[in-house]
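Letters A, B, C and D name the chains as they come in the text, with residue numbers starting at 1 for each one.
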Amino acid sequence: MSAVDYPVDEDEQTLLERIQDEPGPALKLLAVVVPLFAVEFGAVASLVMSLPWSAVGSALPGFLQGLAGALAGVGDALANLPTLLSRSVIDNSGYQLPSGEWVGTTLGLSPAVAWLLRVLLVYAYGFAWMAVGWWVYLVYRDNYRYADWAPVDDMVNRFRNHSWGLLGLAIIFAFVVLALFAPALGPTTVEANISDPYLHTVEYFDEEAGSVQEIYVGDANRDSQSRGQGGDNVGPLSYDQFGRFHPFGTLPSGKDLFTFMAAGARVSLFIGVLSLLIAGGIAVTFALATAYYKGLVDLGVVIASDSIQSLPQLLFIMLASFVLSGTWLANLYSGGVVLALLFGFTGWPGLWRAVRGPALQVSEREWIDAAKSFGQRPSVTMRKHMLPYVVGYLLIYASLTLGGVIIGVAGLSFLGLGINAPTPEWGRAVSAGQPYVPTQSWHISLIPGIMVVIVVTGFNALGDGIRDAIDPQSDVGTGQQDESAAAGGGA
Amino acid sequence: MAADANATGVDERRSSARQTQSDDVDAAESADDRLLEVENLRTVFHTERETIRAVDGVSFGIEEGETLGLVGESGSGKSVTARSIMGLVDDPGELLPGSSVRFDGRELTDLTEKGYESVRGSGIAMVFQDPLSTLNPVYTVGNQIEEALSLHRGLSGIDATEKAIELLEDVGIPDAARRVSEYPHEFSGGMRQRAVIAMALACDPDVLVCDEPTTALDVTIQAQILELLSDLQAEHGLSILFITHDMGVIAEVADRVAVMYAGEIVEQAPVVELYENPRHPYTRGLLRSIPSTQQGAERLETIAGEVPTPNKAATDCRFAPRCPEAFDACEEVHPVPVPVEEGAEDHTAACLLYPEDEPRKAAVDRHAAAGDEDSPESAGSTGGDSR
Amino acid sequence: MSQQPERGDTGLAGLDCAPGETLLSVRDLRTYYESGDLIGGQPVKAVDGVSFDVKKGETIGVVGESGCGKTTLGRTLVRLEAATGGEVRVGSDDVTELSGEDLKAWRRNAQVVFQDPESSLNDRMTIGEIIREPLDVHDWGTPAERRARVRDLLEKVGLQEEHYYRYPHQFSGGQRQRIGIARALALEPEFVVLDEPVSALDVSVQAQILNLLMDLQDELGLTYLFIAHDLSVVRHICDRVAVMYLGNVMELGPTDELFEDPANPYTRALLSAVPEPDPTAEIDRMTLRGTPPSPRDPPEGCAFSTRCPVKIRPDGSDEVDESTWEAVEVFRETLRARSRTERSLSERARELIGLETRFATVDEVVGELFTDRDIPVSVKEPVDQAADLAREGDEDAALEHLKGELGSVCDHESPEDHAVGTEGRESRCHRHAAEYEEPSAVGPSVGGED
Amino acid sequence: MSRWSYFARRVLLMIPIVFFGTTITFLVLRMGPMDPAAAVIAGAGDTEAYESVRQSLGLDQPLWLQYVEYLRDLFTLQLGYSWVVNRGRPVWELIGVYAPRTIWLGFWAVMLPLFIGLPLGFYAGLNPNTLSDYLASFGGIVWRAMPNFWLAVILVSVLTQSDQLFGFDWESWLVQTQIVTPPELQRLWVPSNFLAAFKAILPAALVLGSASMGNEMRIGRTAVLETVNENYVETARAKGVPRRTIISKHVFRNALIPLVPIITGEAFLLLGGSVLVETVFSINGLGYLFYSATINADLPLVGSLMFFFILLSVGINILQDLLYTLIDPRVGYGGEGA
């Protein structure tokens, strides 16, 4: 009955049939995609398993817990499948003999080189997927689409020629890969180095004893702290005395900053994306409804959104997360879920205001009247005739807002709220490094801060790129007041 | 004819115009009694993909007290012509070298922005299409008229306000003493256009360029504005360049008419002559497709196809693909304006069919020769931007 | 539920009448827009009591200036706006009150072609999807039949089959308008509202579209309501014409008769204002004063009374000359404009403490209008008194006073529709009543009359 | 609809907003999972104290009655007392002590961007696609992307070390001030006091206003670009108005209109950011008070402060509408010309 799902008939074929008719390009594509996926299948499974299932599991009623446990077992088994990008493929942990020879690392490479190789491999893999995505678009456009030109082609072309937007895309791509492949990218892992240092050991060559010793990571960390004065510093791109390589140096506690940052990226991205899914969903629904019905519906949403906006966002989130701190919700993903929910439910008014203008504009177009005149249902009219226009604008502001959420979460962590320790969060690193900024341990505060600046700038640039791609006339678009969304509640 | 003369004369004139001392002599030499003379105007706009030749070699003149109607469909380049005369063409648009706009004997295309400021308003004033966006929304109507008064007549304070009220009364705004302190949004469309005209008159111009001044207005209001313009013209001895797409309006206001198509003037003639005896196939088609001229006829005559966007220098007739009378040469020779027949110097058409009394072959050769003469200069100036 | 509706079975009994019979009967239709004000705003009376019949197979034109309510009228007929009052009869059904299946049947049979070809097509959909959408909504035939029908329609409106998978961006204004027409015709409607379908097009393209519309009407037996502000277009395409002003139909009748011999003063003024594309035409132009009043606050008597050049004068004022009357009317118009102008806070304050504001210039207005005139006492007294009232800031009272003293039947009573001409033409003007002179007898000559 | 009735309508609309905003706060505080009384006594285990807190907060009453009383108290501006942070002191008194510092900080955090960011943005907009435009635009974006707290941390370090780093001692420059202390706000009309207070707040205000500055620069640029292309600017050129007059008269005022909501919107955003900046700079302002009230579970104080913030936000909104009404004559104009 839906008017969108066109049924099949003899002269118009489904995509599948079109591919069957001309399988060549699709098969070529498949020949690349399948191996690309296969080498990382285990990692996908392990990524799925790395989500805070245990917290969810423990919140479930008893009989479901059993089921969840079984599922988790299967998941863990899959997660343990060997993958291309697992840490063991290029191992960077080992010790150096006095001869300078490295033991334990892959091919005896120095840990720095081994780590760098792994990082390059991971990024090459990520880039391969991006290239595949582009290829899919080209193959579809050139081989399987009926229309030889579509408005989206122009948008893609405009974006391709938008160097500022492309820079943003590159930054965001790097950030997302960092977050997705955090366990593989770090010189060590969160479990081994940060959360359970006394459950893990490292081997090193003790010159005094003249032999290889094993030491708890926690003890090793204590001897590789960065505290500014008197040689207590492990700076960026340096080794500590246990032969461990620290690309970004160490924290005051001696933990590895890069591992901390990579894991923190994952937390930030998770909160940002989840909160935007919530806020964006609410915002678009309301924007369509208010633009279509106007009048009282609009007034109602205006009042609701103004009421929420009358509460200072950051302070309100602070308060609400404190009030919720004792509940099961607060334990999900070390408090990440609760933050995502709070940012989502306090963030939709900003997004709604940003897309309300475009939605109203579209609702004034005559094609909406045309749809009404032949009796199209309101829900279909909104979805088919208004949504495609609003979504583009939503992407712009979502991109800006995501940067804002990252800053906001970091700000809360800086105050010691938000994400529970020891789960890494960038703001906590800034806070930890605060006393050492003027010392040689400047890297602790500076690097996370610069990372935030780069990532947020990247999101802004991406938003600009999308704006110019979907709406070339408004390199000065409407509704920019909502760009202040990028300020993340003022953090 | 005019076009031929231009092609050779332009360079001389431009170089002499640069020597400021000889300016006056030069003006006297060009010895036209035409107040505004546009010659070989070429205005292009550079876009990412192509260079649009919005105005491509337009020449015409306006005598004192005369109204020249410039008529054409959307995209024909008539508004760009007006902006070029006013010196309002900015990036990404430019006037190609060889274009000439002379006002009162003075070459305008050489002027700097600063120099143009003295010509605009006091010499040539302009009335735009949309009166609402033409007025600054945050200042009162009076303020905006007084601005022009203080610039060009040195009036200020009470004097300026009184003069503004007087001007508003002149353009038929009742209760002007109150209206002078109201904002544009408090005016109706017709009143706004009257206010814009008052603003244009504030500078006491010699030439008024009206760019579709009644298109945004209803027909009864349009009649008011047209009546006002003709009254003012008689009163102030204004020369008017009247741009519109409406053949009916042109018939009413113009003394002479120039028909534009795809950046070029295809036909130019006194108004009665043009309507009674249109020569260019485009003009004919245009007149025939107006419903009211052929009551009773079941079907309207149409011109097949669409108006092209001129994006390279013309080597053929731009109307040829749509022309019912096109023949082979039309795709190879670019026509130049020529008298439609021996002795009809004031009726020109850019069409290979003319001069009508010459043998076809001779006429075509004449166009081709004029085109060749024109081309080195224009090819040199466009320098590959059409590719 | 995808059975194909039987041909001829339109769902509403009244739609199946024979050509020439009454298809739609509009009676006292009113459509008001509520003002956005929460407290005491006046509604906009866009359509304010309109009655006419639409005969099957004819083209009825609706002309008028912007804001006269012609577009709202069209939108109300196809249920894009809710009527405030009155009825639109199709057989025994009232379109303004249809719901459910009946409304669906009406939506299938009444379609619109919109004005702006840039905005009437969703430019993220292919032409095929756009034209097909009405068919999908009404479950017309099988999907294969729908596609075949779309291809058929494309050809019918002068486009090619291969345009099916193109996007609106790839078409010019005229072609887009053809697509809009194809979409409107997809469901084989009986009645099509053409809302200024050619006003955004250049004249040569406009001719193509007008020809197409006429061909389609001949072929499919369509009934058109043609809304336009361009009188020449209306004259060309319409069988009958309704002239609207401020929500009212001022005159309605067969096209040729109405254009040749307009009866209503407004029609006469409108026709005389149209510039003829003939430089030799000498017309005795009748330029109207001022602008139409706001539909939020229409005049009490005849809608056209504020601008009418042949307004009836009150009894016993025959000795007052024409220009003095004109001055009185201008004075009233000025007061009306003033009463609508809001005063800013500072102006109110100035008024309170007796300082001069921009409203304190009544005397100048009066001076300008009435000095150098020999004004009879019967006019002078009311004017002076009104000026006194206005000076105190009470324009409404001044207007009331003038209306009471110098107003005529045109100011007080809404005119009736009077039958004029020979072919069932009606005109809404007091002058058609027996006791007054006909408009054509007092005003300048217009149209074909000599 | 006149512009003043438009304005009145906007003010009227603020009433439900205050009401709903307060209701949301009530829901979080009283219906949330945390018992305010228990939080106040913080697990001291003293049931007697617990009961007395419950009673004086009215928690023993039915929820709807609590709600009514809560609203009644707030709407009659009885903000109650602090329980933990500053036991027994009326909230109004605390606001009186803490608010001036935040206001002083906020005032300069609004003014500095206005007088630095906006002119830069306008300049960039008037010279589009030049090197200075690119620098300003890029700088604006990066500046805006910097987290306040991080910028504050860096700035504090740099200033405390200014002697070693630049050979110039910030603390003793012009007047002796300290970097990480609340500013002295007594007798501001004395020039030296004013200077000291201004200098003391300057780093914090710069940090707090950083995002606004970047934003205003960017939006000021686009607003100017947009206005320059308006028809009335072309008209002004056509009547021979010199470029400088066109810019100062026709462009600036119109370009300011879209900036009004930006500026006021950001003024409110500052409230959230003030927590972080006040913490780093040890300015005992409202943000800091709210923060310490929250982490010390002084929920009654938190609720009252939140209400105060809501009033502040509504006040800023009203200010915005007032500015609009003054700057744009079209505001509230719905009808057609007469």
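The rule is short, and it goes like this: contacts are C-beta pairs under 8 Å (C-beta built on N, C-alpha and C of every residue); 3 or more make two chains touch, one makes a residue touch a chain.
These figures come from a predicted structure and were not determined experimentally.
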item: Busiest interface, counted in C-beta pairs; value: A-D
item: Farthest chain relative to subunit C (centres taken as mean CA coordinates); value: A
item: Subunit C and subunit D, separation of their C-alpha mean positions in angstrom; value: 52
item: Distance from the mean Cα position of subunit C to that of subunit B, given in whole angstrom; value: 34
item: Centroid spacing, where centroids are CA-atom means, of subunit A and subunit B in whole angstrom; value: 58
item: Rounded Å distance between subunit A and subunit D, as computed from the means of their C-alpha atoms; value: 30
item: Sites on subunit D at which at least two other chains make contact; value: 336-338
item: Per-residue multi-chain contacts in subunit C, two or more chains; value: 291, 337, 341
item: Multi-chain contact sites of subunit A, meaning residues that touch two or more partners; value: none
item: Contacting residues of subunit A [partner subunit D, same complex]; value: 302-304, 306-316, 318-320, 322-327, 403, 407, 410-411, 414-415, 417, 427, 430, 434, 437-438, 445-446, 448-449, 452-454, 456-457, 460-461, 475-477, 480-481, 483-484, 486-491
item: Residues on subunit D engaged by subunit A in the complex (per definition of touch); value: 13, 16-21, 24-25, 28-29, 32-34, 141-142, 144-151, 153-154, 156-157, 160-161, 208, 211-212, 215, 218-219, 222-223, 225-226, 258, 261-262, 265-266, 268-276, 279-280, 287, 290-291, 294-295, 297, 302, 306, 309-310, 313-314, 317
item: Subunit B contact footprint on subunit C (complex, rising order); value: 65-66, 172, 174, 202-208, 210-211, 214, 229, 231-233, 235-237, 269-270, 272-281, 285, 287-288, 290-291, 330, 333-334, 337-338, 341, 358-359, 361, 364-365, 368
item: Complex contact set, residues of subunit C against subunit A; value: 1, 75, 78-80, 103-104, 107-108, 110-112, 114-116, 119-126, 132-134, 136-139, 142-144, 147, 164-167, 169-170, 180, 183, 187
item: Complex interface listing, subunit B residues touching subunit D; value: 86, 88, 113-114, 117-122, 125-126, 128, 130, 133-139, 147-148, 151-152, 183, 185-189, 191-192, 196, 199-200, 202-203
